[in-house]
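Below, chain A partners chain B and then partners chain C, in two separate complexes.
Right after this comes the complex of A and B.
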């Protein structure tokens, strides 16, 4: 469904992504890992259309993504969470989630203000999706809290929930586990694994936590200096010498798990 | 004491006018982060259009009112579409200069089109004062206060209970993120401009019978309304309403017991005092001011 071919992106004097090929298949979980500065977040930002690559193609379900402005990306079924959550901090958790449904239908202003059927129908759909996300991410207890007052880990979940409410076919997650406690990470990994079944969405995950990545992924892509240095199932990643070298900067033995420790 | 109560009531009418105009300022500021300094002269233009519809076109009162207010909303949306959208990313000093320029430009244009001779607009209602206990109220005052409260309640409903309101609140918080979520930001901001200018126009129409029409009729009212918005925290609807009534009542008391000339001085002293105690206004929060 998502296909990047020969994508290169450089900022003044700095190559962020160099000739990257990447595919995410329907209903699968693909992870992008690599050392800091490897270009992982740049890839997500390319897909979100914050950046335009100098060369290469980005296609989503046969559509040329590069022809869309950033705010239309969600309409064709790509939603995302951010490294540091960009919530509407003074709005309630529920309202934050409801904004995620903004693009699902567009009743006119008159319909909205007079609460005509189409507006009510939108509201019902948005509420259903929000309620489902609250349950899925175990956020029911904080539903009416002001988002900005929540602990960091919860804010990250709300950010993910808002993306799920948007009914994506592809969910981009940018370091969802960063800043979370171990138990919460395990729980989150479990939730991410259920996204394809529960929401019918594929996941492209960027994260540093090797435990989470190896557990949830169908396919792992390792990047270094903007290029792909390995791609394969999680079972094979940890023994690849070039991956270890990228993480440790040496050729010494061990596994990626050691490198993270 | 009865006299004092009467002086308080006397301030309600103007208080409601300031509240309406302040609401217009706040609703625009919330979504577009722009202070529409042109709100006074835009209101004047709407009142002048109403005068033309009534005296030259001879439309019935209600039809003329509706047409003038719809016109105000359209002008508001067009102003955003044609002019302010282009300075969205500009430094705030430039934005302020543009809306101030708009204020002077529209005031001048109104002068050219309608002239500087004061024109009367008829009172909205007829009949003598109403008696409530020991106090007296004119029907116009009552109508203006009621209309203001009803409109404020409607606005509150739209903001808190509708999808459009959610879009406005989301944009007020973080416009870029709202846009990424598929919120129609452009349309929503244009709509809040329509609302804002409509409210300014309504304030001008309502105050016109009391001050008579002239290009500069809203100058002083605009200053008081701006003061009301600041007092209320510039961003809060309730703040704009409460601020409006406080400015109206305090202003009237000062006219009654000191001198009309001291109104502005004391209102601004009051603002200094309030902001000293609550730096973000009566209803404002630190988070709101930071954005």
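Right after this comes the complex of A and C.
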């Protein structure tokens, strides 16, 4: 479904991504891990078209993503959450989620002012999807709270919820578990695992938390210095010497789990 | 800034009832009716500016320019085409909207102070254009509005004009309220709060900004049409830069991101300006003082006043009945006293 081939991205004097190949299959959960500065977030920003790579191809369902402006990416089925929750901070949680549905139908300003059928239809659909996301992420209790006033963990969930409301075929999650408590992390991991069934979307997950990554992923890609150093099922990742080297700086025994602790 | 929706007293309904009943008390007093009409017209202009500033996150220091565009369109249309009132109002709105659209085009690149300068220049330029485009505007002498009738009613007579303005202005306020509660309005606010997130959710940020400029100008143009009927004469001197500043103050005093706040701010400042006019040269200073005073009491504008007052009240009540912290403090003092003894 999503396919990156030979993608390179460099900023002035700094290579963020170097000849990366990456595939995410329909309905699967793929994780991208690696030490800080490995280029994981850059990959997500490439896919959501905030960055344009110098070389390589990014295709989604046989469409060339690089020909699209950033605001068209969600229309073809890719929605994302942000590393630090980037919400509409003065809007309620519900309104934040409703914006997620903005691209699903587009009534004009006049239709919205007069509440013509297309406007009412959009509101109905958006509400339905938002209610579903509120339930899925257990956010009903904070539905009418101002998003900017919420605790960090809840803001991250609203960020994910907004992306789910957009009805994506591929959901990009940038460190969703960062800054969460252990219990909340476990619960979130569980929710992420249900995204493919519940929403029919594949997931590309970037995270540091090995517990979450190993539990939810069908496929794990390890990056270091902008390149892929390993790809395989989660069971094999923790025993790979090159992965351990990347995380610890030297080769030695133990597992990635130890490295995280 | 707009906060999550709250429920409370149906203030808009009460205000509307008050406005409808108003002429029963003061209908005979032409001066008071004139000020009341002015309040409603300026409320539409202030609310339209609030749509741009409070909801759209843009700035304009030239909204009097849109007002002028609407007023001149009204006069030209009424004089040359003798259109009925409703098409005339729409024409005034659409001409202003067209100008708003063009002015909104550079917003993709222009932010903050640069946008202030652009709109400022626009606001200052419009009266100059009106002054020099004599073929259309009749120069400094201005255009006199011909007597207009609506369904046989004479619009130059005071209570009739007031009710007509009340109907149109209330429709405009409700339209803006409807807008900000639907997808279009949410997109404006989304762009205001985070352009990156809005973009990721499929919003064309630049188009949203142009749209909010166009919509704001449309409603301000309608206010201009009403203004033309109210003054009876449209001249370049009717749209000074001060007027743009006055609308700006109304938005701030009323509260950014609150349509009803703009109505409140407009009523307050129009009434103060009217009262202060008799003091002579001091009127501007008095308005400025009123703005500062309001912001000291309610920094987020009058719209936030109920929230602030209820918060203060709750805190006062809590002081009467101290919670955990108060009790502990008492106990600590007691313990200390005992130790000393």
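Just so we're on the same page, the second predicted complex is superposed on the first by the 261 of 261 C-alpha atoms of A that agree within 3 Å, B and C clash if a C-alpha of one lies under 4 Å from a C-alpha of the other, contacts with A are read in each partner's own complex, and residues count from 1 in each chain.
By our rule, contacts are C-beta pairs under 8 Å (C-beta built on N, C-alpha and C of every residue); 3 or more make two chains touch, one makes a residue touch a chain.
Since the structure is predicted, the reported quantities are computational estimates derived from the model, not experimental observations.
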Clash-or-fit label for the pair chain B, chain C on chain A: clash
Contacts of A:116 with chain B and chain C, given as first, second, both or neither: neither
Contacts of A:145 with chain B and chain C, given as first, second, both or neither: second
Touched partner set for A:100, first chain B, second chain C, both or neither: both
Touched partner set for A:71, first chain B, second chain C, both or neither: both
First, second, both or neither for A:92, with chain B first and chain C second: second
Chain B versus chain C as contact partner of A:25, first or second or both or neither: neither
If touched residues of chain A are counted for chain B and for chain C, the larger one: C
Which of chain B and chain C A:166 touches, first, second, both or neither: both
Chain B/chain C common contact set on chain A: 48, 70-71, 73-75, 86-91, 95, 98-100, 102-103, 106-107, 109, 112-113, 115, 119, 122-123, 126, 162, 166
Chain C residues within the chain A interface of the complex: 1-5, 175-176, 178-179, 182-187, 189-190, 192-194, 196-205, 211, 214-215, 257
Complex contact set, residues of chain B against chain A: 158, 162-164, 166-167, 169-170, 173-174, 177-185, 187, 191, 285, 287-288
Complex interface listing, chain A residues touching chain B: 48, 70-71, 73-75, 86-91, 95, 98-100, 102-104, 106-107, 109, 112-113, 115, 119, 122-123, 126, 148, 162, 166
Residue ranges of chain A in contact with chain C within the complex: 48, 50, 69-75, 79-80, 82, 86-92, 95, 98-103, 106-109, 112-115, 119, 122-123, 126, 144-146, 162, 166
